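Have a look at the structure that comes next, please.
Chain naming follows the written order as A, B, C and D, and within any one chain the residues start at number 1.
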Amino acid sequence: MDLAIVQSSIGPKPARPATPSDLTRRYQEVRDFTTALCRDLAPEDMVVQSMADVSPTKWHLAHTSWFFETFVLQQHDPNYRALEPAYAFLFNSYYTQAGERHCRAQRGYISRPTVMQVLQYRDYVDEHMSRFLSSDPAQSPVVKALIELGINHEQQHQELMLTDIKHVFSVNPLRPAYQVATAHATLTPSRQHWIGFGERVGWIGWDGDGFSYDNEGPRHREFVAAFELGSRLVTNGEYLAFMADGGYQRPELWLSLGWDAVQQNQWTEPFYWERKDDEWQLFTLAGMRPLDPAEPVVHLSMFEADAYARWAGARLPTEAEWEIAAATVAMQGNFVESGHRHPAPAGGPGQLVQMFGDVWEWTRSPYSPYPGYQPAAGAVGEYNGKFMCNQYVLRGGSCATSRTHIRPTYRNFFPADATWQFTGLRLARDAQ
Amino acid sequence: MDLAIVQSSIGPKPARPATPSDLTRRYQEVRDFTTALCRDLAPEDMVVQSMADVSPTKWHLAHTSWFFETFVLQQHDPNYRALEPAYAFLFNSYYTQAGERHCRAQRGYISRPTVMQVLQYRDYVDEHMSRFLSSDPAQSPVVKALIELGINHEQQHQELMLTDIKHVFSVNPLRPAYQVATAHATLTPSRQHWIGFGERVGWIGWDGDGFSYDNEGPRHREFVAAFELGSRLVTNGEYLAFMADGGYQRPELWLSLGWDAVQQNQWTEPFYWERKDDEWQLFTLAGMRPLDPAEPVVHLSMFEADAYARWAGARLPTEAEWEIAAATVAMQGNFVESGHRHPAPAGGPGQLVQMFGDVWEWTRSPYSPYPGYQPAAGAVGEYNGKFMCNQYVLRGGSCATSRTHIRPTYRNFFPADATWQFTGLRLARDAQ
Amino acid sequence: MDLAIVQSSIGPKPARPATPSDLTRRYQEVRDFTTALCRDLAPEDMVVQSMADVSPTKWHLAHTSWFFETFVLQQHDPNYRALEPAYAFLFNSYYTQAGERHCRAQRGYISRPTVMQVLQYRDYVDEHMSRFLSSDPAQSPVVKALIELGINHEQQHQELMLTDIKHVFSVNPLRPAYQVATAHATLTPSRQHWIGFGERVGWIGWDGDGFSYDNEGPRHREFVAAFELGSRLVTNGEYLAFMADGGYQRPELWLSLGWDAVQQNQWTEPFYWERKDDEWQLFTLAGMRPLDPAEPVVHLSMFEADAYARWAGARLPTEAEWEIAAATVAMQGNFVESGHRHPAPAGGPGQLVQMFGDVWEWTRSPYSPYPGYQPAAGAVGEYNGKFMCNQYVLRGGSCATSRTHIRPTYRNFFPADATWQFTGLRLARDAQ
Amino acid sequence: MDLAIVQSSIGPKPARPATPSDLTRRYQEVRDFTTALCRDLAPEDMVVQSMADVSPTKWHLAHTSWFFETFVLQQHDPNYRALEPAYAFLFNSYYTQAGERHCRAQRGYISRPTVMQVLQYRDYVDEHMSRFLSSDPAQSPVVKALIELGINHEQQHQELMLTDIKHVFSVNPLRPAYQVATAHATLTPSRQHWIGFGERVGWIGWDGDGFSYDNEGPRHREFVAAFELGSRLVTNGEYLAFMADGGYQRPELWLSLGWDAVQQNQWTEPFYWERKDDEWQLFTLAGMRPLDPAEPVVHLSMFEADAYARWAGARLPTEAEWEIAAATVAMQGNFVESGHRHPAPAGGPGQLVQMFGDVWEWTRSPYSPYPGYQPAAGAVGEYNGKFMCNQYVLRGGSCATSRTHIRPTYRNFFPADATWQFTGLRLARDAQ
C-alpha cells in the first residue's frame, strides 16, 4: 500500500535541462512544504498509527529523509556518514534490496527517535544534500534522476501525511481538527451530462521529457471503443439518492467481494460520514461539519463507486478512457496548495470538469503492467511492478495532491476496499 | 470461488439446431458421468469439506440437481413439485435472487440428507427432466438455453468434484487413492522453444453458434503487440531448477502479495509435493508416487507461476495472447475422459502443444469484463460479473475438464493464491 | 477438553475382588452399549465434526478401541499385532507419551477408515481382548486396573458421543432427531427451598475400594463454613424470569469474561433454545419441541449459571459443599439408561433431589489439584493434572451419564464458556 | 487485566485515625510520585500502547485523576465542575456503572489531549482535591475511605506505568532505557533450602484496622496440611539449568494450556531475554545488559513457573501457604523506592528471604472469592469479584511496588500466560 516507487523514464529534461539551482530550489521547496504540513501538530499527534495502513507523521518525516540518504547520499556522496545507522532499519518501507525493515504494522509502537530527533535527522540530511547538490557528482543524469525521484516520492508522502492524520484524528472521540475551516460557497453543482469520445487505437502512457513513474510507460497502443464520460464528479446529493434507494442493502448492485465487505464492515454509508440526530455530518481535516450535497462524494471504496455506477445504469471508466478524456482539458483543479483540503462543488457551464484535483477517480482497470513494462534495475526501481496485483487504478489526483505532482498519465492504485484516501468517482458508459 | 455461471449467448444453434433427442442424450450422458465419478467413493468420503474452498461430493451431487430443479423445472414445468423444499436452502450456492443459502464454509457439517437420499433426489429430478425434455415447453429457445447452461454447469462441478476429493484425501494421513494409477511412459519432454505471433488488432471472445458463457463475450477488438509463446508447458524438472536456485527464498522474484503468501503459508514447494527421505513425492488422484520431472508442474498459484516466469526471464501470457495462439491449433489434449487425471509429459516434435487439457494455464490478465459486457437478466445470469475482482484468468482446461466443455475463448478464473485446482503455466515474452 | 484420564487409585477391590468373569462381562456390556448408541446413525452422521470441541462418532468408536489396544494389548499381550499401525496416530487424543497425534480440529476431515472399517477395528480389538481377559497376565492388579480404566474411559466417550451428535444435528438446518421422543408428564416442579449444612472440617475425595479417577484423591480435610443448598435444580421457567429481567443485558450480573462472552457470542438465551414466532423451542436429541418450564435449564455455560445465581441473590456451590450434601442422598436419578436423554422435572416433596443425573451442576470451584495430588506414572496417568487450569468443576452426572460411572466424589470439568454438554445449576448460599 | 478495585474494609483506622493532614500529605506524596516517574519520558513515549495489555503513560496519568474526579469530587463536592466532560469517556477503564468507556485496545490511538493537557487536568483535580480535603465533607468515613482507595489505586497504576513503559521500550529496536543503571554487587545467592510449616486450621485474609482491598477478606479459616517453602526465590542460574535440560521442549513438564502457549508463542526462554552471540542478555528498565545468574528469574508466566517447579520435583505454593509463611517475617524488601527497579540477588544466611518485593510470586491458587466475600455496593466496589475467573493469585509485591502499598494478605492476580509484570517464583512442596 506504500505508494509506487518512481523513476525518471528519460532523465534530465532535454528541452530545458534542470539547472542545478532549479533542482536545489525544488528540493528545498518540497522539503519545506513537508514540515509546513506539520506546523500545527503536537508531538503526540505525530506518533500515532491508527490502523495498519496509516503511518505516523513522524515516520513519514523520517522515511522521506531516509530515501535521500539511502539512494543519493550513501551511494553518491563518498563523504557521507549516516547520523544513526539504526534508522536504516526503522525507516525503510519495503525495499528488500535496501536491507531489512521494521514491521509496518508496528510503526506506532516506536516513540524514539522523538519528533525533535527526527527533525534533526531531516536537517542533517538537508545540510548534506544542500552541499551535495552543488557538487559535481550531483550533475550526472543518473543522480539528478534519483533526486527528482526523491522529490516526487516526498510529494506522495505529503498526501499520505494528510490522509493519515485525518484518520488518526477521526478515531479520537474528541474529533480534533487539523486545520481551520476554509470558506466555500455552497453551489448548486453544474448539471451532469455525457461527453462522447469516438472509437480509436489510442496511444496511452507517458513519453514526455519530464519526470514520470515507471508504471506510466511504455507508451503503447490500445484499442478503445466509443464511450461517454460524465461531465463532473458524482456528488454527495446523488450518493444520498443511492442510499435512499437501498444501495447498501441490495446485493445485486455489488461485486461479490464488495458485498462481503459491506457485510463484514457493516458499511451503511461512506467512510467519515456520521449520523447525528437527523442530519448527516462529515469528518474533514477541519473537523466535523454538516454534509454538503453539492460536494463530490469522497472516501468511497472501489466497491462503493462500482455499486453506485451500476445503480445509476452506468459503469466506471477504464484508465485508457480516462486518459483519452483527460488529454482534452487543462491540468487545473483543487489541489493541496489551495489549502482547502476537501473536494469542492463543480462550478461552470457543464463542460468536462474536475478531471484533476478534488478526488482520485476510481477506474475499473486492475493495476497491471503496460505491454513491454520493465521495472528499473536495483532497489530504487524494485517495486512498482510488485504491487500489480489485486489493486485498482485511480486517476487525476486529489485535494491533497500537489499540482506539480500530477499528470494525465499518472497511475495511482489502491485495493478495492480502501477508503481513507480522497477517493471518489465519475461515471462512464458505452457510446449509446 | 464457485465457478462462473453461464448463459447461451445465442440460444439454439442456428446452423444445426439441437434436436430434442440430442439435448436429452447429452443431458443423460452428463448426469451419468457425474455419478460415475463417485463410483468408488464411500459415503464417508462424500461428506467431508477439508477447507472452505472445497465442497463435499454430496453437495456437488445435490447442487447440480438443484440447478435444474430451480431454473428449469420450478420455472417452466407447471406440474413440478419439489421433493423437499428445504433443499433449496441447503443446495443453493450464491444466487441471492434464488433465495437464502446455507453458509458455504459449513457444508461439511451437514450429514443429512444422506448420500442415498441425495441420489434419490437426483433420480427424482432426472425423472421429471426426462418427461419435461420431450414436452412442448422444453422446445422454446429460452428453455433449451437453460438446459444447455445446466449441462455446462454440471461439467464444471464434475471438475470440482475431482479437485475437491483430491484435497479431501490429501489431508488424510492415510493418503487414500481415488483411482488406480494409469500407466504412462516417462518421456523426455520435447524441447521448449519460442513461437512468434505478430502485432495486430485482433478479435477476441466468442461469436460462434454454440454454447458459451456470458463472460466470453462480446467479441471485440484488442490491440496486441508482437509476442512469443513457449511451445509447451513448464515441467517439474524445470521448476526444480527454480527451487534449487532459491526461488522460494528470493523476494525480488515475487509480487509483493505473493511474497506475503510465501511467508504466511511457509511455501517451499508446490502444493501436493512431499519430501520423503531424499526424494520428491507427489500426491495424485492415484495416491502418492515419485515426482516425474517430465510432467508439467501443476497445482501452482498464480504467484508461483509468475515468480517462475520472472526467474526464467519471461512472463505470463495475457489472455488475448493465449487466445490468439490457441486459434492456431486443434482442440485436443489430455482431458478427463482419458481417465489419467494428471497432466502428462509433452511429446511430439516441439510445435505448439498442450494448449488444451493437462493444466489450466495462468495468465497475467486480471479477470475483468470485456468491453460492452452485460450480464444476463435474472438469477441465472446474475453472477458472472460479480466475480470480476481480484481473480486471474486461466485458459485451456485441464486433465479434469471435459473435452466437450472447453473452448479457445473459455475464461476460467481463480484468486492468485489458489492451488487446489490443476493449474500450471506456459511462458510468454515480448517479441525479441 | 478431552475428559480426564483415569486410574484406579487402589487397584482391585479388596472386599470383593472383581472376578475375571465380572470384568469380562462389564467389558462386553460397555463395548456393546457404545455401538448400540450408534444404531440409528448413518455413516454420514458419524464423520462430521461440527466444531473443534466435537469429535465425529467414528472417532469415538475408534479412539476407545485404540485405548485398549495401546495401554492393554500392546503392553501386556506379547502376541498382539496392531491391525493398522497408522491408527495409532489417527486415534490418539492427547497422550504425548503415547506418540504423535492427529490435529484435533481436523478430525472431521478424515473419511477413511470408513465406519465399516472402524467397526472391524473394534471387533478386532474385542476379539483380542476377549482372549486376553481369560489369560494369566490379565489377572494382575495392574492390568485389571488398566482394563477398569478403559471401561470408565469408554463410558466418558459414550456421553460425549451423545452431546457431540446432538451438536452435529443442531447445526443442520433440517434439525434431524437422534431418537424418538419419550413421553414425560409435564409436572409443576417441587417448590425450591434451602437445605442447611453446618460448619465442619470435612473429609473430601475418594478413599473407597472401587474405581475412581486420580483427580478424586487423595482424600483430605477441608474447612467448610455453614452453607445452604437449593433443594432442586433451577428450571427453565425460573431462567425465563432472569431473561425477562434483562439478564443478558446487565453487565453487573456477570463475571467480566462472562460479559465478554455474551457480547462476542451475542448470547441472548441458552444454547439450543430457538425463538419461533412467540414461543421458545428447544433442540433435543429427539428433535425440536416446545420449551417445558418445569424442566431443569440445561446447556448453560458457567458464566450463565453464575450470572443467574447472582441475579437470584445466591451463588454457585463449591465442590466441597456439593460433595458434603451429596453424601446425604442416594445415588439415583435420570441417567443415560433411562433412554430419555434430557433432564426431567423434579417431582417429590421438596427434599434434596436431582443431585445425580439430569444435568452436570456447575460449581464455583476452579479445577485444581487436591492437596497431595500426584498424577500416575506413564502415559496413562499423564494427563489429569495437565488440564487443571482455566476450567471449572461440575458434579453429579447428567442424563447422558451411565449410572455405573458416577460417584459423589466424581469431578468433571469444562471451561467456563462451554455449553454443548448437559450442564445446569443448583443454587447455594452462606448460612443465613 | 486492570488491577483490582479496592475498598477500605473498615474505613478510618480506629487506633490512630488518619488526621486530615495525614491524608492530605499522603495524597500529595502519591500524586507527586506518579509525575516523578515520568520525569525522563518524552511526550512521544507517553502515547504508545505496544500491546493490548499495555496502557500509554498518558492514559495512566489521566485515569488516576479521573478516579478522584469521578468517585470523590463529582459525588461529594457540590461545587465541582469537570474540566472536560469527554474525559469521563476517554479515561474510564471498565466501570460500567460509571458510564460508557473507550475501547481499551485503542488507547494508543488517542493523541489528544496532549501530555501537557493531561498534566493540566491533573493539576485541576489536585487543586480541587486540595481544597476539598480540608472541607467538612472530606472528614466523613465514607469519603476518607474513597480517598484512601484512590491513593491505593494510583499506587497500582504507578507499578503498571513502569511495567508498561518497559514493554513500550522493549519493542523499539533501539531498546531505549527508562533510567540509568544502578550498581549492585553480583553475589552468589544464599543456598536454597526448605523451611517447614505444620498442619493447621489457619486464619487467612485481612482483619486489621488499615486499608485493604475487598478481595483480601473476609478473614476466614482454612485447613492447611503441613508444607515446606523454599527459602528464597528461584534464580536465573537455576532457570538456565531447566532450559539446558530441555525445559521448553518437554510437554510432560507443562500444563496442557501451557504447552499450547509454548508452541503458539514459540517460547524458548523467559520474556525480555535475548541471545546475543553466545551470551544471554536481559532487557531491563536501565536497558540491555548481560544476564546475572544470581538474580531472581523474572517475567515468567505462571505456565513457566509451574513447569519449572514440576521439573524441580516441587510445586508452586498455594496462597494460603504463602500467607502463613509471610506472617513469620518482616515486611521489607526491594521495592520501587529503592530506585533499582529490578529484582536483586538474595543475600543473607539462608533464612526465609525475599518474601516481599523483588518479584510477584506465582501461586497455584486460582483467583477465587474467599468464603463469604461480598463486593462493595456501587461502581467503586463493582469489579473485584468480576475478575475472579481464569486468573492466578500472586503474592508479595515486586521491585515496582510501593513499600506502603503491600501487605501479607495482598492478592494480586494475572492470567496464566502474562509475562510483562515482574513475576517470578518460589518453590513449595508437601511436608516430607
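The working rule: a residue touches a chain if its C-beta (ideal position, glycine included) is under 8 Å from a C-beta of that chain, and two chains touch if they have at least 3 such contacts.
This structure is a prediction, so every number in the text was calculated from the model and none was measured.
Chains that touch both chain A and chain B: there are none. Taking each chain's centre as the mean of its C-alpha atoms, chain B lies 47 Å from chain C. Here the CA centre of chain A is 60 Å from the CA centre of chain C. Once the centre of each chain is set as its mean CA position, chain C and chain D turn out to be 38 Å apart.
Shared contact sites, meaning residues of chain B that touch two or more other chains, are absent.
Interchain contacts close the chains into one ring where each touches exactly two others, per the touch definition above. Every pair of chains that touch is listed here: A-B, A-D, B-C, C-D. Partner chain B is touched in their complex by these residues of chain C: 42-48, 50, 58, 86, 89-90, 102, 106, 108-115, 168-169, 171-174, 176.
Chain D meets chain C in the complex at residues 94, 96-97, 201, 220-223, 225, 251-252, 254-259, 364-366, 368-369, 371-372, 382-383, 385-390, 416, 430.
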